[in-house]
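For clarity, chains are labelled A, B, C and D in written order, and residue numbers in each chain start from 1.
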Amino acid sequence: DTAAVSYLLRLGDDALVASHRLAELVTRAPQLEEDVALSNISLDLLGQARLLLSYAGRLEEQLTGVLRTEDELAYLRDESQFVNCRLVEFPNTDFAHTVARQLLFSAYAVELYTALGGSTDGELAGIAAKAVKEAAYHRDHAARWTVRLGDGTGESARRMTRALEALWPYTAEVFASDGVARAVSGTGFGTDPAGLRPAWDAFLDGVLAEAGLQRPAVAPVAGLGGLGGRDGVHTEPFGYLLAEMQHLHRSHPGAQW
Amino acid sequence: MTITEDTQHTGDGGWRERFDAMIAADERIEPRDDMPDDYRDTLVRQIAQHAHSEIIGMQPEANWITRAPSLKRKAVLLAKVQDEAGHGLYLYSAAETLGTSRAEMLDLLHEGRQKYSSIFNYPTLTWADVGVIGWLVDGAAITNQVPLCRCSYGPYARAMVRICKEESFHQRQGFEILHVLARGTPAQREMAQDAVNRWYWPSLMMFGPPDAESAHSDTSMAYGIKRFSNDELRQKFVDMIVPQAEALGLTLPDADLVWNERRGHYDFGEIDWSEFKQVLKGNGPCNRQRLERRRAAHADGAWVREAARAHAANRAARTREEATP
Amino acid sequence: MTITEDTQHTGDGGWRERFDAMIAADERIEPRDDMPDDYRDTLVRQIAQHAHSEIIGMQPEANWITRAPSLKRKAVLLAKVQDEAGHGLYLYSAAETLGTSRAEMLDLLHEGRQKYSSIFNYPTLTWADVGVIGWLVDGAAITNQVPLCRCSYGPYARAMVRICKEESFHQRQGFEILHVLARGTPAQREMAQDAVNRWYWPSLMMFGPPDAESAHSDTSMAYGIKRFSNDELRQKFVDMIVPQAEALGLTLPDADLVWNERRGHYDFGEIDWSEFKQVLKGNGPCNRQRLERRRAAHADGAWVREAARAHAANRAARTREEATP
Amino acid sequence: DTAAVSYLLRLGDDALVASHRLAELVTRAPQLEEDVALSNISLDLLGQARLLLSYAGRLEEQLTGVLRTEDELAYLRDESQFVNCRLVEFPNTDFAHTVARQLLFSAYAVELYTALGGSTDGELAGIAAKAVKEAAYHRDHAARWTVRLGDGTGESARRMTRALEALWPYTAEVFASDGVARAVSGTGFGTDPAGLRPAWDAFLDGVLAEAGLQRPAVAPVAGLGGLGGRDGVHTEPFGYLLAEMQHLHRSHPGAQW
């Protein structure tokens, strides 16, 4: 059904964009171990994106009769057709922003894929079973860095605090319920993200306490009539990300690679 | 900062005979064994340079990760660059067994006092360059490195076994990229040929200067670190790539390339060593860019590494406090 | 640092009567004239906010300069953003005639203690947004600013004359961008409609809160700074854009928009003031980004400004030395 | 003739790319006056690029019967088809790099357009007559900043020195003679850039002396078999510049703007 397709695109776009931001950092990490870790996480997310987007394309084909491959979905959609949350679009302003983005997103991903392990859809449940293990590693990696930075030096704690303040306003969108979420939740295909928030909150509280950091007292991002990433309404930096990602593919229409 | 400050040999005077006997018997020297200073110095320099080449070598390929033209190719490339970071880690560890820390080696790299392979001072200008790096650059690296799997120093030899296995996988992936391009649209085919044109000569230079001019080869040969001369390896490489280029349907930009029945090898053209020397001296198209990226990553990461150290110290202090009744 | 430290009025006690008479006669107050403190404060706040809006307002449009879809449009957009920087310069100069330096005003902006127009806290997500900013945002700005050309403070009024002339040019250019898109491919048409949907309500909010809740209007009206109320201006704007939208063939996303024969105006829907207040409070989609870009430009430029000052001092010292026999 | 087309493309691409790098700085300048000045210079260069590329397209049409417009040339060529010198591609690493790039390039442009004022081709001579005035202003702006930075603080002098060292190796390419240069020089359509170098050298020596800076003792960039920007062989950052510049246009094939 349409809701299932939209839902898979959301999950796939989240993974694709999160992967891209980490890929930008390869050769720029603070130490070689992090080049390995960040590229590893980027690769996991890219793998998830490929499974999710391909599956979305095949389900869509059942509705429309036209198949869009993972590459057509990644490279030939315009910005307003991407339905990832804005959280994953955030640039790698500094390493603290990267850690904060990964912490907030992977803590959600763990809850998400845990829930989707029970999907009534066998293929999605299979994807989730693999993804949940990866997300647990990603979350652990981000949580350990959050603690190191929060409990490190004055500078690292300041940077981590600033990064959490910048990103936190975009977390509400991740857990927002809407028609698509309710529809997939109703059929058991997916899960309504609103239900994942309490466990996420509890996890975050634990990590922040260990890191000696405060939960940011910031309001969710407002404006745009309440529209956001799930509606194809993104942030300005996202357009540049897509230009870079898609330029070569779009420059050779119809070519195989 | 040097990890082992004591480079004295064990009191026993017969170590040198034992060392020479082990080399002669083609046995592996291990970190605990006594070894001559020039053996240690040669190895540290070579392994460090090799490690630096792995991490600087990530840059030309990483240049295309975010722009890879399909998600599958992106994944393969990302995995490859990750492998290179891993190779860097093994190699720095192998060098550390000889008493030089990674931090020390990185400082030497950042100050321009230790080199990395000059090949990485060329730019990757199109997606096809990623294919050519896999095919020609990794191909040349494997040709150089396979004999190092039998190198006399154990930790280096073992690192090379693992690295060569992954490199040959990378080489096949590069070949595969070019194979698709060479059979693709006219623009793709042109992209592939252009990349081969730009990388062919630099890849031949990867084996270093002609034997007659090579500075370190004698010591390295005597100590069982190097097994073949620069020119022997270069010939082996040319003999390997000529049929591969034919299979791809791409032309190697060398008018003198011809099978020599008498030698049983391909003859090839004269290499422009003045270009090689210019690039080695720092005047290549990307020397400055590569080193600046590396230095910037290191400098930008300083506060992160410091935070990690501070946290470890904080935690240790808390543990001690808790242990105090 | 304040440029004029002496804000005392001239000894003559009759200045207030003369000031009130000039206001009543609709004459222009000039920098040399005595003026009440609340007049000066109101003007400085308003002109500074206006100047800040020009320079922060460069950001959403500059976001598309490097990506503009044709060279002609790129040139027009670049010229427009340059005009905005120029407007910022005039306005800071106008404010400086009241005794506050540009550096001081910029500090207040950077510290979040002076505002800029909230409209610039919305993102420009597609090329069509550039068109809509010209049409709706500049259109609203002109509606607000035309009456300011008759403002009681001379330097501000004169700056506004020049600015309004350029703004109306910008508005036509924005309309022209949308006109082409609305007659373009289906994707272009959709892009245009989507941008109108996102910017319509924020542009109505540009006139500020409803008259009943407006804080500064009374003083501004009494002093001849403001000539029409927020709601009057908003109505004027709606009446202007409805036929323009029809000409474009684009729909304004307002179900309540209908001609009211009795009022001789268009009725329009209820504005979501809670959104307006959130954005004003700093929670809009781009508040943080805009201010951080501004602060970063200022901080990154500190060494440059310092070098310019040092060079000027060096040169002055050399001139003095040369003058010494 | 073909040489004239190639020559115009070189001049046009130089101006287009130089314009783009300055356009990137708008809203990021060290002070508002520089936002005005840099966008003004960027706009001048864009204007030159448009005239030169349009003219190249029209001359090419006489040879091939196919017209490429300024937009087709700017937006639909691949990286290897651009023939600008690499000097103008350099990123705005810091303001000193921007100033150095502008100084080295505009000092060349002044000599170039002075010479082209005497082109046997009326249209090119007309373009040159306008461009030479603009280039003189650009050169003056860059020279004044070079002096301010060189004779400013220790930090500004260090940064300016580093920027000149980074860019100087790419100046040899600007003045390199080749078949195209000799052909247009022979017909009087264009000028061989090799002949412009002495005047450029003299100007630079004067500015550097006033700024208290040394002429960098660096060799020209080597490698790539001597190929460079004029052969379509560029720098790595240039690919990202094109991705950003072309993405929107390429995403809507055939659309009018």
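As a convention for this text, a residue touches a chain if its C-beta (ideal position, glycine included) is under 8 Å from a C-beta of that chain, and two chains touch if they have at least 3 such contacts.
Just so it is clear, the structure is predicted and the values come from calculations on it, not from any experiment.
Colleague: Comparing A-B against B-D, which pair counts more contacting C-beta pairs?
Modeller: Taking the two pairs in turn, the one with more contacts turns out to be A-B.
Colleague: Using mean CA coordinates as chain centres, what's the subunit A-subunit B distance in Å?
Modeller: The computed centroid separation for subunit A versus subunit B comes out at 35 Å.
Colleague: Measuring from the mean C-alpha position of subunit B to the mean C-alpha position of subunit C, what distance in angstrom results?
Modeller: The mean C-alpha positions of subunit B and subunit C differ by 57 Å.
Colleague: Quick one: report the Å distance separating subunit A from subunit D, using the average Cα coordinate of each chain.
Modeller: 41
Colleague: Mind pulling the residue numbers of subunit D that touch at least two other chains?
Modeller: 78, 243-244, 247-248
Colleague: So which bits of subunit B are touching at least two other chains?
Modeller: In subunit B, 67, 187 touch at least two other chains.
Colleague: How is the touch graph of the chains shaped: line, ring, star, complete or other?
Modeller: other
Colleague: What are all the chain pairs that meet the touch criterion?
Modeller: Once each pair is checked, the touching ones are A-B, A-C, A-D, B-D, C-D.
Colleague: Using the touch rule from the top, collect the residues of subunit D that touch subunit B in their complex.
Modeller: Going through subunit D, the ones touching subunit B are 78-80, 166, 169, 218-225, 227, 233-236, 239, 243.
Colleague: Give the list of subunit C residues in touch with subunit A in this complex.
Modeller: The contact residues of subunit C facing subunit A are 60, 63, 67, 121-126, 187, 191, 194, 198, 201-202, 272, 275, 278-279, 281, 283-286, 288-289.
Colleague: Give every residue of subunit D touching subunit A within the complex, in rising order.
Modeller: Touching subunit A from subunit D are residues 78, 240, 242-244, 246-248, 250-251, 253.
Colleague: In the complex of these two chains, what residues of subunit D are touching subunit C?
Modeller: Its residues touching subunit C are 16, 20, 23-24, 26-36, 39-40, 42-43, 46-47, 49-50, 53, 70-71, 74-75, 94-95, 147-149, 151-153, 155-156, 159, 244-245, 247-249, 252, 254-257.
Colleague: Which part of subunit C faces subunit D closely enough to touch in the complex?
Modeller: 55, 58-59, 62, 65-75, 78-79, 81-82, 85-86, 88-89, 92, 102, 127, 177, 180-181, 184-185, 187-188, 293-294, 296-297, 300-311, 314-315
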